[in-house]
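Below are two complexes that have chain A in common, paired first with chain B and then with chain C.
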Partner chain A sequence: MYAYLILIPFFSVIILNLPFRTTMKKAAFWACLVLLLAQMCLVVFSAIFPGCSFFDIFKTLFKLDFTADNLSRVLLFSIALILCVTLLVQKSILGDKERIFNFVNMLLIILVGMNGIVMVRDIFSLYVFLEITAVSSFILIGFNQDLDAFEAAFKYIILSVIATALMLSSIAIILLLAGDTSFSAIASTVRLSPHRLLISLAVGIFLCACFIKAGLMPFHGWLPDVYSAAPTSVSVLLAGIATKTVGVYTLIRIVNSVFVLDRSLQHLLLALGAVSMIAGALAALGQRDLKRMLAYSSISQVGYIVLGLGAATPLGLAGAIFHVFNHAVFKSLLFVDSAAVELETGTVQMDKLSGLAKRMPVTGFTSVLASLSCAGIPPLAGFWSKLIIVIALWASGHYAYAMLAVLASLLTLAYLLTMQRKIFFGKLGQDMAEIEEAGPVLMLPALILAVITVGVGLLFPFVSILLKGNLLGG
Partner chain B sequence: MTDMTLLLPILLPFFAGVLVLLVPRRFRAITEGLALTAVLLQLALTAGLFKKELVFSLPWLGWGLEFSLRLYHFSAFIILAVAGFGFLIALYSTVFMRQRPCLKQFYAYLLLNVSFTSGAVLADNLVVMLFFWEGLLLALFGMIAIASKAAFKTATKAFVIVGITDLCLMLGVALTGSLAGTLEMSRIHLSLDGWGSLGFILLMIGAISKAGAMPFHSWIPDAAVDAPLPFMALVPAALEKLLGIYLLARISLDMFALGADSPVSILLMAVGAVTILFAVMMALIQKDYKRLLSYHAVSQVGYMILGIGTAVPAGIVGGLFHMINHALYKSCLFLTGGAVEKQAGTTELAALGGIGSRMPVTFACFIVSAVAISGVPPLNGFFSKELVYDGALQRGWVFYGAAALGSFFTALSFLKLGHAAFLGKIEEKNKQVKEAPFSMLLPMLGIAFLCILFGVYNHLPLRALIQPIVGPYRLQGHDFAGLPENTLLVVITLIVLAAALASHLWAAKKKGSALKATDHIHYAPVLSGIYAKAEKRFFDPYDIGLKVAGYVAGAVFWCDRAIDWLYDGFTVNLAAALSHRIRRWHTGNYSTYLSWSLIGLIVVTIFLICSR
Partner chain C sequence: MSVNIAILLSLLAASLWTVLTRSLLRSAIGLALTSAILTILMIRLDSSLAAVFELSVCTGLISVLFISTISLTHPLTRKEILAHMRERRARFWFLPFLLIALGVILSLLKIKPPIDLPAPEAVKEARNVLWSLRQVDVMGQIIVLLTGVFGVVILFKERVKK
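Right after this comes the complex of A and B.
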């Protein structure tokens, strides 16, 4: 039944663009919104009633290699959630119907790509969906057609193309050895093949492609420019879920079900994760542009996720996936707030802003919540995922990395509080006395995300049962 | 047999003390009457309990602790003495304290002191004893602090010193309890090996510091100047000596078998000898009536500790006998000091002189008690000191020498005090001085009478009170009542006293003033330097402790600054520098980013190939 998650958006794009599209234009926004909500409902529904066979009839009609385990479900839910937020942000930034229509089209295509990525069990199909996502990302980055955005899109294309080339080379080597591209066949080949050198080469190249896509240091060069130059709605999309799906999810899936997570791979992941975590946080500390700071923060948080993965225990994996979800929530929330600030004041330069919390209470409040969650302050959601990662690192004997993770939390708090102090706290600037709170279309997603980050934190006992049952057991 | 009457000596003064606090300030007579009645009742009660053997026990606080009290000849004797001193001092205070502030608190603390001291003496459980012991600390602090603003500092000093030694006592109680497996004092019998000695020394520190031995004495001379005088006569002179020496006797006689062969015995004797000598040397140069007496209150403790520390029958009996004798004559001396202060308005020796003819009864009481403390026959101090000498000589001539030398200086300083205060030419402004009122004279007379009685008829205290405490087993058939056994020592004592008199007469004549009669010792070549430093409190353990604490605090402060710098300066600067460096690497130049990625790719691939 999960095949529909790819087929329906795909056909929607086609239908929307049939000759009589003028009527479609009005409905496009709502159709997309409903589609995304339906995806969220489906994931939640299937998680609550796992044995339901209502959709099984359709399975007989389409026989495709799409499956969804619990890891995929978390991602499917997050994708739908963040796309919803993206859509609402874009709607409030840009009221023009024509542009919204184009945006919805691109969004549906990227939805096809990301849903495909999280559900395929074949390395070549994975590559295809990665490309779909990447191409629609390029277009979305340049959506506002200004020079900076084009430059950023160009940078993304170049590094992305390199990643793609690496990935294709790796797939070629694997195909040569395994004779098949399905995950299970490759997994057995990787374990049993006598050609150790070639296998290592293929694994190394593929991993580097993932690192580029995920923006781990030192493969991150494209990321800050893209996040800061892209339209804020697209930044929400990219930072919240796109790079996480394209890079981090792929990494998690490949490392866990295809390649063998042995000690050398573990060391590699831990080292890169730690470097990203610390250097990203330090770089964020020195930024003056809000969106650029959030971009470096993203690099740092990806470092956490990779650290959790590197712990190579079920607990570490659970922490990593949980942090993917939490990061999607709080980082999107921060970008939504930056969108509100940019919309109302026309700038995201931190030195030019001050005391905005007085004029924009909802934005100020939600951004504080998101910052605290990001820094891992209890009882917010981010605290729990970071805690799980640190515990997993400690339990698996990586004491130094566990300490670094805690230390990086302090750095995170430092740069986020600096940001809060500069933008939202303190005396209201003279030229900002007339600023007003952003409209309800923008504040609604902010509030929803804030509720999620608080709710998941407070209800963590229940979440942990879900995590245990679904991720560790599954 | 459990008997509730045993609670009375503790509860009666306690509730009387609380009640005194409730009486409105205007009714001074009621306050005084209430306090006097309470101590009189207490005296009657303890007299009734004398010669009885009672125990009382009640489960307390959980953990198997028993609130157990035990009355037997030793504790009965001490609580009787406590009640007696309490009564006499209360009587004395009705006149002396009349114009002072905080009258109610004074009587309340006095009664609480009596109550807690009785409790600590009656207690048969170490924890119960500790409970009352700490209560005394509170009463001590309160009694000094109420005198004046300046006294608060002294009260704090006393509190800190006594508090620290009480901590030692507490540790000693814990250690002893865990070694013996019980906290019941009458069931503890430990030997003085390794841990046992440590337990003994910790308990001993608590006991001798309560008695006021060196080096835990330094608050007493300060309190003598600041605190109300009846407090000095009651607490450091009487109650604390009784209690401290009581505990010392309990631990060395009952709980630990202190033998003459034990190194702890040497330690005790050394503490005693040092206390005798150093404190008396300080007393010698004092120019203030009360301050001079207070140093003697320290010095005389040395005799008791020395006596008990000898662990031979003569020494122990002498030490205990000296305890009650000292309580008598030192209280009397303080009371005469109080009478002089009340009538002449000062206790500075330089401003006194010749008032003996104006205050004949006070002078007579002073003579009796000063002669007693100097150890002149046939007064009580003579007999107890002879016994201590006897015991000390059996253990080594060094200890005897120190004790005899202490006796010489004691006599010398009292000759100086009496001569300077009561004899000589009378000052013009002292001509109007009158004799003290009757209720102040009565306690002095009573105590002076006891001093004479305990000396002339020493069979009474020795046979009825002291020797039963030591027990027939330890006495080994000795009976110390009557004249001293060792005639040679008596002769030496008489020679020492005569020498002191000769020295005083010679020096007073040479210097032309009784006040300067000890100057030849004060300004002797080596001593003058030491005295100058001692006067500046160079040797005061409290001030040394404060100085050390100050250095420690300073060091901790700098550590704190360093840690602050580590957080506020170093870390922030490091983060900023690193952040700046990383920012500078991100030039926006795409070829740089590409080369990073390619270098990363090469490193990752090589690492994986090599390590797998």
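Right after this comes the complex of A and C.
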């Protein structure tokens, strides 16, 4: 069934670019939106009715081997949700049909790439889908064709190529030792092979590549420039889900299903996670550009996810996965709000903005909600995932890391409240009296994401049952 | 073995020419040449299927894509190229020395992987490999190429139109 999540977007791209292109241009936006909503419904449907084989009727036509466990399902749902938001943001910013059509094509290709990443069980196929996502991200970053965007795209592709080269070298060593590239074959080789040095080398190289792709400190060089220079809709996509799928999901999958999470690797993850969490938050405190601040905030939040993974317990893993979802929601919401601010005021320099909540109440309100969720304030969704990570660290005896996680939460609150005070509160700037709330197409995704942030937080008892029954079981 | 080393050296020379040449078009031709030499090496190492792919995709399709992209770019003037080369020389003068030093160190260490390399596999039926064993990867490669084409259209062709 899951092969359709690759095949349908792929064939949609082909159909959209066949004859009747003019008609297709009109339909492209709606086709993409329906496809993304269908993916969300399909993922929920398959989670509720896991045994249903209704969609397997065309199985004989294609021999594509894709599977999805519960971790994959969380990612598949998040991918579709954030891509929906990205599409709506782009639509509100860009009215030109031709440009929207090109954007939809790229969005469908990146959908194929990210869906593939979360559904393959072969390390070489994983690499192929990582490449699809990287190349399409590169094009999307440069989509506005201005000098800053091209520079950011160039930085991204160079760092991505380095990560790719590292990954390919690791795959080559693994293939040499295991003779196969499937996750199961590699997992048994990693456990049983007498060539410990080569195995450690391959694992180390692969993890470095994952750290670069996830933007973890000190591998984060590309991330602030890319998030701040890319079109805001693309920043939503990259910060919300793309880097999380490419870097963080790959890291979680590989560490849990393929490599052995031994004590040295655990300490490495904990140390890097802590450095990323604290240094990212401190760097965010000093930023004046809103998008750049959100970029550093992303680095800090990825630190939390890696800390949860480093706890090496089922609870820590559940917290990490839950935080991936929550981060996708609240960070995308913050970027959607920054898109609204940029669209209406023409700037994201925080020193030039003040009192916008009076003129943009919905943007101001949703931004406060997202900030509080990001800082881990109860009862919003972000609070629960951070709490689970802190409890997992404490229960596994990593008291110092648990306390650092709480401290980083205070730093997060500090930089996000500073941002709120500068942009939305205080006296309205003289040149901002004419500013109005952004249009409904931009407000809709902001409201949907805000409802998810509040809803998941308030309904956490049900979510926790889902986490316990599905994520940990899966 | 000595033939393979000679091919490797020519591969290195072609790669260096690709990176260091002044013209983008020559660089694309250099890339095609590098791929062609790599193809020869692959054939000599009994990886004929990979060689066919290298030749058709990298030497053929990718070169076409590069050249069509270059045709949409605005070339630098001779003065700009020279300034760029001077700047590059100033920034990366140490790289050849570093490469030679690394080569010397590695040859002195005489590193040999503590594993027996597997014997080259017998040539499998191409259809079986592509359609049954690596269907996902083949599809992925097609999508990567498709993405490249879209990239050219979006980033270069539209810019030229503007």
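Heads up, the rule we're going with is that the second predicted complex is superposed on the first by the 472 of 474 C-alpha atoms of A that agree within 3 Å, B and C clash if a C-alpha of one lies under 4 Å from a C-alpha of the other, contacts with A are read in each partner's own complex, and residues count from 1 in each chain.
Simple rule for what comes next: a residue touches a chain if its C-beta (ideal position, glycine included) is under 8 Å from a C-beta of that chain, and two chains touch if they have at least 3 such contacts.
Keep in mind that what you see is a predicted model, and the values were worked out from it rather than measured.
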{"item": "Partner chain in contact with A:Gly319 - chain B first, chain C second, else both or neither", "value": "neither"}
{"item": "Touched partner set for A:Phe124, first chain B, second chain C, both or neither", "value": "second"}
{"item": "Which superposed partner A:Phe143 touches (first chain B, second chain C, both, neither)", "value": "second"}
{"item": "Touched partner set for A:Val203, first chain B, second chain C, both or neither", "value": "first"}
{"item": "Touching both chain C and chain B, counted on chain A across the two superposed complexes", "value": "197"}
{"item": "Chain A-touching residues of chain B, taken from the complex the two chains share", "value": "575-576, 578-580, 582-583, 586, 588, 590, 592-594, 596-597, 599-601, 604-605, 607-609, 611-612"}
{"item": "Touching residues on chain A, where the partner in the complex is chain B", "value": "155, 158-159, 162, 166, 196-197, 200-201, 203-205, 207-208, 211-212, 218-219, 221-222, 224-225, 262-265, 267-268, 279, 282-283, 285-287, 411, 414"}
{"item": "Contact set on chain A toward chain C in their complex", "value": "6, 10, 13, 62-66, 102, 105-106, 109, 112-113, 116, 120, 122, 124-125, 128-129, 131-132, 135-136, 138-139, 142-143, 145, 176-177, 179, 195, 197-198"}
{"item": "Complex contact set, residues of chain C against chain A", "value": "113-115, 117-118, 131-132, 134-137, 139-141, 143-144, 146-148, 150-151, 153-155, 158-159, 162"}
